[in-house]
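There are two complexes below, and they share chain A, which is joined by chain B in the first and by chain C in the second.
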Partner chain A sequence: MKSEMTMGRMRNKKKMGKKMIASIKAYLFLAPFLLFFSAMVIYPISLGVKLSLYGQRGARMWYIGFQNFVTIFQDAKFWESFRIPLFLLTIQVPLLLFCALLVAFLYERMQKHRGAFYRFIYYLPNTIPGIVTGLIWSYIFSDSMSPFRSVIDSLGFSGIKILTRQHLPLILLVIILWAFTGYTAFVIYSSLISIPKEFSEQAQLDGATFWQIAFKVKIPLLKGVIITLFIFNAIGAIQVFNEPWMLGALVVLPSNYTPAMYIYRSAFSEGRFTYAAAMGLILAFITFLFSLYILRRAAKQMLTGESR
Partner chain B sequence: MRKRTLVTIFMVVLALFFIFPFYWLIIGTTKNVSQLFQKSLLPGIPSHFLQNVNDVFTYENGVFFHWLANSFLYAVLGALIAIFIACMAGYAFRCYEFYGKKVLFILILGFAMVPVYATTLPIFMFFRDLGLINTRLAILLPSFVNVFGVYLMVAYWNQVPEEIFNAAQIDGANDLRIFFQVGLPNIIPGFITQFLLSFVAIWNNFFLPLVVLNSRAKMPLVLGITTITDPQGFPVYNLTLTASFFTILPLLTLFVVLQKYFKPRLYTVQ
Partner chain C sequence: MDLGGFQPINKWLDEETFVELYGEAALGWCAIDGEIYGTPQDSGAMAMFYRKDLFDQYGLTVPETREEFIEQAKKFKKADPDLKFYAAPIGYSIWWLGQIWQAGGKVFDYYDGNWYVDFTNPVAEKVFATWGEWFDEGLIDLEMWWNADWYNSLNQGTTAVVELGCWFSEWLRYNAPDSEGKWRLAIPPQWDPAQPHNGIIGGSGFYVTTHSKNPEATAIFVNWLNSHPDSLKCLHNYSNLPIMVSTRYKEVIDEVAGPDAFFGGQRIADVLWEAHQLVNTTFVALPIMSNVDQSLSLLLQDYADGKIKRFADILSMWEKEVINTMKEFGYSNLITGELP
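So, the complex of A and B:
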């Protein structure tokens, strides 16, 4: 018995030794990533937290605890800046998902080459930088260069300008739908074609039409993809910056048009750096809440797969 | 039959919608400013394309080529290093049971979606204290981190079958050799896809350069083209359009040539 216990202890020691060696090797491979990760993600976030606890005037900074956050919660300009993200969340994102779903189902019905042709064309808008997208569309909608101007004038609206602050949400809607419909449709389509044929075949035998099958069988199966896409788009809506920024070059927009713009302006135009840092943290936290669903799913998938 | 033509009309109208800005951009490059103000949907007659190209290339003593070179430098070097170290990290998760493995993975996942607006301001202060503001390193260093890329790399590595590693171990290869000679070749499709995604993301990145750069010479294309102004400080529309055209040309070429690697993935890898 004594020798068995000793053998057991020796075996455990051997396992621990193995794990130690494995850990050293693993961390050697992880080292470059961990170095940059700590320096460019962890440290900035902790610095951001530290900054958010300080007041600031010019180069002077002094500790004020949570005062920044109190001020932010009372800052109407900050909360007003969420109007555009909210508009995008409630109107643009559902519209995008609806159009993308429709297009994805149409892709599925097409013969390979026709479908591939459309998938290629529809994806193109997503290949160009958001800045260039915003730039080109801002010119297309600008009253000095818009090809729509003559159409609008001939309809009798020659007094009404196209690129105004009032019209901007609608303009943003068009731009974002233009940039992301093809990409989103492709993502949905990728998931669609991996649904086993048996599901639709069974429904077909029961006499369902293509669209009935689409709604009652396939969309429920696509739930995960659709929710994930919704969240990615929601996060993008909260952080929207590039497109309003470019539009802001041609039409006067307030500094708090979107949260990200307000943060940037506060930091670099108004010199309220620590205040902006605090707002950045709040934005990051809201984003984190939205991304929890995705992270949980990804973690579950990974960790259950890892327990091999 | 009617339904089919309806669908076709719908798809064609959508296709025209998606193509239209590209068309408008291209004909815009053939126009000078007064032709642009005529708002026609036809190419400029006479075409000012060559004049525009010349003006863009000679703008500010050819700063355009600095922008072009910067974009390539940032995107190629940034993506290469970011994905290579993500690859190494993914390999560690695949092949070793190490202390802190689960915790580290959760940590990585948790920070995978940190918005740039939370990290960029502190990075600005951090770089300012290090004297790195307005240097190329200020763009490169943050680009070397692709946390989501590490997560995806772990997924790619998990698809490499156990036997491959076992066989190499039995043959007596040490860990570095296994990584380079056995592991990497099996991960190439994933590597290329991630490299492309990272390349495009860095090429398109506007906010970071906007914050940390203030001299034109170090700017990438996406930032540089927004600074094309006349002596009074107003944007020059036709030149900005021409510069935009050259900004998207490499990306479009990349997409057309390497289409199959652009297959987007959400959080799974197939």
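So, the complex of A and C:
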């Protein structure tokens, strides 16, 4: 009996030893990523958290606990800056997903090489850094140098300025759609081609058209991808900075045009680093809450939808 | 200076020597409450940059007073309504402050422990009201500066006159190469020829920070850098800044300044030096200048969009926002409605 127990214990020890070796190996593989992640993400965030607990004036900083956050909750400028992200969330993101879906279905219908060519060129805008995109688009929309100016003038609209603050949300829409539709369509397309052909063949036999199949059969199956893409785009919308910033060189924008711009300005133009750090944390938290909400709702829907 | 980033260097550079080397006006840029924190380097004294080719083409003369200035504007507009005689910036508050400065006024200052804010004083009101008239009559345009659109118009000759600090001669050289040889410089037209003034837009200074481990050496260096003729010569030659603030710059000005090809052979240093000497008033800038700039930019954009009817109304709106921001940033030593 004693020998059985010791045998059992030895077996357990061996199992544990194997487990330990396995986890050590895992961590070794992860080490490079963890190193960079902690240096580039965790450390700055913790520094930001520390900064946000201080008050500041010029070179002087002193501990004030959560006072910054209290002030921010009462700062109308910060909350007003969410107007543009809200516009993007409610209009641009659904529009982008819709266009990307259409494009993805078109990709599916195309022949291999043609499809690959279009997928390639539509993806290109996504490879250009946001700041360069904003810069070039600001030239395109500028009233003195736009190549479209002559076209617009000849159509009789010579008095109307293209780049004004009122038009800016529309201009942002155009730029963001141009930059991200290709990438989004590509991601959807990859999921699309993994849907078993039997579903669409069955529906075809039942007499459905291509677009009916697309909307009634395939999209429900793509729910997971669409939700993920929605969250990515939503995060981008809430934290939008590059495009409005570059356009701000050609038309005066208030410092709180978007939350990210307000945070940037507070830190680097007004020197209120601790205040900006606190705002940054709040923005990150809002983004997190929003993503969580979407994921929860989607999970619920998927669970209730799974009632076949 | 107010934010505690600099330390005083009076020990190594007393006020008397400072004034002797840099002029009394410079105290407004480098000192508060008698404590000197640094030395000024290049001057942003305003100059009028005009296109001689356009002036010759339309028979304009170089204006010396603001009245002559607007007469030339009218002549130009009649001759060619598509070109701009002059464009004022939407935003860029230091230009507007420079305009008020050039008229001999100011809108804020610091004195004896208190910040003073008064935007609606007679000089400022006169300047803004006059510019407002010119905008309303369509003689002068409003546009955003420092972007590709603006450089384009300078390069292609669709704008005839620009008023900016002397350092702009370098900016023009690099950003409007197609217009080489066509620009000239002059003293900005005066509001009152009997009492000439000039303002400053930009310029730079070197200050000793509180982090400095060897403030004595830094102070001595900063003083040498901006006042010793050898250093001034280097500064001009390597940075191409045309005019330095130091009074000792006149010792080297003949050596470093010759006819300038970009300006058609004009000896710009002479004109700019004279422009700098005309800066005979000064004031201390508020510690919230980026907010001052933001407030004005938005108001000017509103005016350009037609939301504000009277240009001079901008002054009181601007003042209200500046006062609010000062209070928001915790400055309780604020006196409004008067200036020292």
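Please note the rule applied: the second predicted complex is superposed on the first by the 262 of 308 C-alpha atoms of A that agree within 3 Å, B and C clash if a C-alpha of one lies under 4 Å from a C-alpha of the other, contacts with A are read in each partner's own complex, and residues count from 1 in each chain.
Criterion: contacts are C-beta pairs under 8 Å (C-beta built on N, C-alpha and C of every residue); 3 or more make two chains touch, one makes a residue touch a chain.
Just so we're clear, the structure is a prediction, and the values are computed from it rather than from any experiment.
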{"item": "First, second, both or neither for A:A298, with chain B first and chain C second", "value": "first"}
{"item": "Which of chain B and chain C A:V252 touches, first, second, both or neither", "value": "second"}
{"item": "Which of chain B and chain C A:S269 touches, first, second, both or neither", "value": "second"}
{"item": "Contacts of A:W178 with chain B and chain C, given as first, second, both or neither", "value": "first"}
{"item": "First, second, both or neither for A:Q204, with chain B first and chain C second", "value": "neither"}
{"item": "First, second, both or neither for A:R57, with chain B first and chain C second", "value": "second"}
{"item": "Chain A residues touched - chain C or chain B, whichever exceeds", "value": "B"}
{"item": "Which of chain B and chain C A:M145 touches, first, second, both or neither", "value": "both"}
{"item": "Chain A positions touched by chain B in one structure and by chain C in the second", "value": "139, 144-145, 249"}
{"item": "Parts of chain B lying in touch with chain A, wherever the complex brings them together", "value": "7, 10-11, 14-15, 17-19, 21-22, 24-25, 28, 36-37, 39-41, 85-86, 88-89, 91-93, 95-102, 104-106, 108-126, 141-142, 144-145, 147, 150-151, 154-155, 158, 175, 179, 200, 203-204, 206-207, 210-211, 222-223, 225-226, 235, 237, 240-241, 244, 247-248, 251-252, 254-255, 259, 262-264, 266-268, 270"}
{"item": "Complex interface listing, chain C residues touching chain A", "value": "2-5, 90-91, 144, 146-149, 152-153, 210, 287-288, 290-291, 294, 297-298, 300-301, 305, 329-330"}
{"item": "Of chain A, residues touching chain C in the complex", "value": "57-60, 138-139, 142-145, 164-165, 249-252, 254-255, 265, 269-271"}
{"item": "Of all residues in chain A, those that touch chain B in their complex", "value": "19-20, 22-23, 25-27, 29-30, 32-34, 36-37, 39-45, 47-48, 51, 103, 106, 109, 118, 120-125, 127-133, 135-137, 139-140, 144-147, 149-150, 178, 181-183, 186-187, 190, 194, 225, 228-229, 232, 235, 239, 241-242, 245-246, 249, 260, 263-264, 267-268, 273, 276-277, 280-281, 283-284, 287-288, 291, 294-295, 297-299, 301-303, 305-306"}
